[in-house]
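Consider the two complexes below, in which chain A is the common component and chain B and chain C are the respective partners.
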Partner chain A sequence: MEAALTILLDGLQFSSYLFIVSAGLTIIFGVMKILNVAHGSFYAWGAYTAAFFIGKFSDMGLPDALGFLLIVAAAIVVGVILGFIIEQGILKHMYERDEVLIVLATFGLFLVLEDIILIAFGTDPYFAYQPMALLGPVELGGITRDVYGLTLIGVAAVVAVGCWWLLNKTKWGTLLKAVIFDREMGISMGINVPLVYTLTFIGGAILGGLGGAYIAPTISVAPGLGTEVIVLSFAVVVVGGMGSIVGAAIGSLIIGLLRAIAVHELPQVELFVVFAVMAVVLVFRPEGLFAPAKPRKI
Partner chain B sequence: MFNDRTAKFLLLAAMMICVGGAFAPNWIVNQFMFGFSRALAILGLMVLWRTGLVSFGHAFYFGLGAYAVAILDSKFGVSDVFLRLMAGAVVAGSAGFLIGFIMRNYRDIFFAMLNTAISMVLFGIVVKTESLGSTDGFAISASTIFGLAPETKYPLFVIITLVGLTAALLVNFYLKTTFGKLTTAIRDNEIRVEYLGFSVAHAIHLKYTISAILAGGAGALMAMSLGQVDPESMINWTVSGELVFVTILSGPGNVIAPFIGSLVFEILRTYAFELAPQAWQLIMGATFLTIIFFLPGGIWSLIEKLGGKKNEK
Partner chain C sequence: MTNKLLKGALGVAAVSAVALAGGIAHAKDAITIAVPSFLTGGAAGPFGIPAMNGAKMVTDAINAGKLPAPYNTKGFGGATASVIPLDEGGGATKQVAEYRNLVEKRNVDAIVGYISSGNCQALAPVAEELKQFTIFATCGTPRIFEESARKYVFRTMGHATADNVAAAMYVKEKFPDMKGYTGINQNYAWGQDSWRDFDLTLQQIMPNTKASGKTQFPKIFAGQYGSEISAMSLDKADLIHTSFWGGDLEAFIFQGNARGLFKKKIGVFTVGGTAAYRLGKKLPNGLVLGARGPYGILVKDRDTVLNNWFVNTYKNLYGTYPSGPAYQYGQAILAAKIAYDKAGSDATNEQLADALRGITFESFSTTIEMKLGNGHQAATENGYGITEYDSENGENVVKDIKFYPASCVLPPEGQNSVDWIKGGMKGAKC
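Our next item is the complex of A and B:
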């Protein structure tokens, strides 16, 4: 019983952080049709920025509770700055080019951003345990969990509801859906598509950064962080359906729970399971399990 | 097969490189070995790229080739260079042929992603399996040639060069056959190709298998040149990215391009690493972006411009 609960909670936590990162990836793909490899770098940048400032603030003797503010601030700063520079500086000039070529360009960006992290933060790992220590552990159905890890599930829920609300209940969401549905028609209806693109990219980047910033206190923030995350979130969006928020949620749950089961029951297949599922979904439902219906254009 | 400019140039260049290698210092010989090993895989990716397909997972075949050599070595003690090369190419080629049945129905990002998924499945297996060397990989014993154990790396270097030459000549020949010419035709308009009476699926399947064989051979040669294999530098998705990087860097213009591109890549990487050990990826990434933006035809398009298009056959 306790083992099952551990697996469930591990799985949910893992799904939550996967969802936060993948939501950003899938929004960018849905609106802009860009499969953004550099998304892994947003995650890594978020983690490093948060860890760096949490450590600094703690050294200065400021209250640890500020850490939560820093996490959100790090995500926004990273998302706005990197998102804006990359979209305006590079991607804006590529929208007319082949989709696959844009993927390659983001791969180039990924390499560049990975090294700027090394230059900026060095190769030593960072630890930002303060927020986690602050919340302490809790007894839950016979097992002890870190409260911080459980809040991760809450954050993911907030992100999910936030995205849903933004898309379905606001004027912005309607504009966004119009652009997703038919970009050219959107332009002719007077939607400022370049602006929509820029904001979407920044929004997606903030989510990528948030995933990293929020996970930072639970891990040692070390080089190579973004490399694994990006393929995992690719798996999530492929399983759920590229461009769909609901898909990202379900994809994260499938991948997260499967991986937690594998880690506890059969560690040898941990990575294998994730990508085998991705491959199987691609083979039988290339558009993903929950891809939004596409209008046929002639 | 031998009577066009490209073939003549290849033969001449291979001869000069083999002779030159005898007098070149060790580090240059090494650069050429790594470069030409990789070039074999690039040659295959170039065929796909001409068809408009980019695989973000060819490290799967590269890794299969490399690990075929490693397992033959550690489990069966096979050290003959040709047996090893054959094993790498055959294992990867058969896998490519089988997976090709699925892959030939995919295009664009889905093609790229399915390849990524498959390569990461292999990565996941190798990393977690003790008997496959896990994250440490294997060291590979020195290759022998017909039972003789050479004292220097020069014989292996000559073999790699000759294998590269053979592969380049074959691909060059293939691209001139009707089936080979379907590459760009498929990229431009699949429906028209079908109307002409060709099967796009068959054509893509064949090209995919060719690229798998070449990537497997490349992995085998790379494993022998490096003397070791490990999943991080042979199968992880970043390796696939690297292969695509060199393909774009080289340009699809000519079968000579992958060899020049791979050499440039090796030299770039060595120097970038020496100049700025913490920033070599940055230099590579920036180069990559520059190529995508300003030189869509890769290095080969520069050579064409310099030669005033004279190199066109």
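Our next item is the complex of A and C:
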């Protein structure tokens, strides 16, 4: 029983991490049809910005609890600034181009942003352990867990509910769904699609930044951070269906839980599980489990 | 007069002809040494940058003739060396392409460096194919010299077998009541070899202990170890072995520490030395810490002229004490100097290899005997200690340090590490 609870919590925790970092990626794809490789950079910039300021505030003797505020602030600042600059400065001028070219452009951006991180923050890792230390440990399922790690589940739940509410209960969500369903029709109905694109991209970037900022206290924030996460995010998005928030949530849960089971019961296959799931889904349902329906144009 | 001129001209022509026929070349005034190291990625801060700092510091000192005796002659066989720093990141395929580029297009004289076992494993055959004098500085897999004979490739530090045999011996000595052990190691050559050697050695020297059936092998640079920490917490094993390095090492320490893992289990960190200066108070007390040989925090207070020069110069230049990679790259550059001093700055790759093969030399912190792998693989002592935070001085220290001689932790020449351990480590002189 204790082992089952531990596996469940581990799975949920990892799923939450996967969901937060892949939600932004899938939203951007769903609305803009852009496979944004630079999403890994939003994650890395979020992590660096949060770690930098948490460290600075701690050195100044300010309360560690401020770290949580800094995490949210870092995600918003990174998402708004980077998202706006990239969308307005580069992507906006490429929407009529081939999708492959746009993917290559975002890959180029990813490499540039990684190098700017090196210039801005240097090669030495940053540590921002204060928020994790502040919340301390708790005994659960016969083992010690860090409370901070468990809060990740709550953050993911807030992001999921927030996305659902935004898409289904607001006027903005209706506009988004209209653009997702048929961009041309949206334009003809008077929707300001360029504005929708800009805001969507910034929103996706904020989610990417939030993933990095929230994880920062648990890791050594070092160059190359964004590379690993983009691979995992793609796996989740492919499993769930490109452009589907529900798909990203279910994809994260499937991968996270299976990975946790593998780590506990058969560690030899842990590495294989994530991509095995992806391969199986691609064989039987190439569009992913919850790919949004596509209109058939006549 | 005409006769004299004629005779002189003939003499010059004859000397030139002899020189050309005999391949006599002029000593070079300058050489280039490519130094690959992780300059980006998670390994850069803890490994790559200190390594590069060590290499540059020693090269500059050699160029200026400022190394302590017996290395106080200027230059590499008299030539001034310029270092070409190179990023080791990007994987083995990229490194092979970069290596070919260095040799075939940039015509470097020597290549000294490399941290990743995966890279060294991929590059050793390429170096042999291109006949390029190469010194591996840090990478640890024993397979490089055990699976094939090498002519142009050298490694100036001990390999993973020494790290893990020494770790097992230290565990036996300090924790004789340990009943079971598990491990978390990265899923590639380095991690797999490290666990295999540690496990096999414990099977030999502590036969009553039992390895867990659920040892963890996460992907390198995974960064998230929540599930693995849970699995190891539930495991009955009372000791955890890890050869994690770089950002993975630090992330694992943070995450494990937050969950009290190292209060309940004995942590054996074979490459933990790189974290000792960086993590400060965040490094848990009571870890069994290695530095992949006699380097870094384990030898900080070793009182020799060469070591004092290394520690003080590094501290003055970079504001921190040198960790293992700084020592390892520094000594690899020193080995290049020794080879050039012996063979001459104009030496061919063959002559440089001949000059380094099988020699014994005094490095900054230890004696290096190039006596394994037909004289291409170094044998050095290896040691471990236990971490403790010195609150008075605000720094980590390592207590109960014990070094094991090379003849105790490495197989004799010609023997494969795995066979040697499985055979009961016959001939080990401890």
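Here are some notes:
Everything that follows uses one rule, which is that the second predicted complex is superposed on the first by the 296 of 298 C-alpha atoms of A that agree within 3 Å, B and C clash if a C-alpha of one lies under 4 Å from a C-alpha of the other, contacts with A are read in each partner's own complex, and residues count from 1 in each chain.
The rule is simple: contacts are C-beta pairs under 8 Å (C-beta built on N, C-alpha and C of every residue); 3 or more make two chains touch, one makes a residue touch a chain.
Nothing here was measured: the structure is a model prediction, and the numbers come from that model.
Per the definitions stated earlier, placing chain B and chain C onto a shared chain A by superposition produces a clash between them. Of the two partner chains, chain B and chain C are each touched by A:268. Legend: residue contacts after superposition of the two complexes on their common chain; A:100 is shown touching chain B, with no touch to chain C. Once the two complexes are laid over each other on the shared chain, residue contacts for A:14 go to chain C alone; chain B is not touched.
Of the two partner chains placed by the overlay, only chain C lies in contact with A:144; chain B stays clear of it. Once the two complexes are laid over each other on the shared chain, residue contacts for A:199 go to neither chain B nor chain C. By the touch criterion defined above, A:163 lies against neither chain B nor chain C after alignment on the C-alpha atoms of chain A.
Of the two partner chains placed by superposition, A:86 touches none, neither chain B nor chain C.
Residue contacts after overlaying the shared chain place A:282 against chain B, while chain C stays out of touching range.
By the touch criterion defined above, A:118 reaches both chain B and chain C. Comparing which residues of chain A touch chain B with which touch chain C, the overlap comprises 114, 118, 123, 227, 267-268, 270-271.
Chain C makes touch with chain A in their complex at residues 39-42, 44-46, 48-49, 89, 187, 214-219, 221-224, 226-228, 230-231, 233-234, 246-247, 250-251, 254-255, 258-261, 264, 278-279, 282.
Those residues of chain B that touch chain A in the complex are listed here as 54, 56, 102, 106, 108-110, 112-114, 116-118, 120-121, 123-125, 127-129, 236-238, 241, 244-245, 248, 278-282, 284-286, 288-289, 292-293.
For chain A in complex with chain B, the touching residues are 35, 37, 90, 93, 99-101, 103-105, 107-116, 118-119, 123, 227, 231, 234-235, 238, 242, 267-276, 278-279, 282-283, 286.
Across the complex, chain C is touched by residues 2-3, 6-7, 9-11, 13-14, 17, 114, 118, 123-125, 127, 129, 132-133, 137, 142-146, 148-149, 215, 218-220, 222-225, 227-228, 259-260, 263-265, 267-268, 270-271 of chain A.
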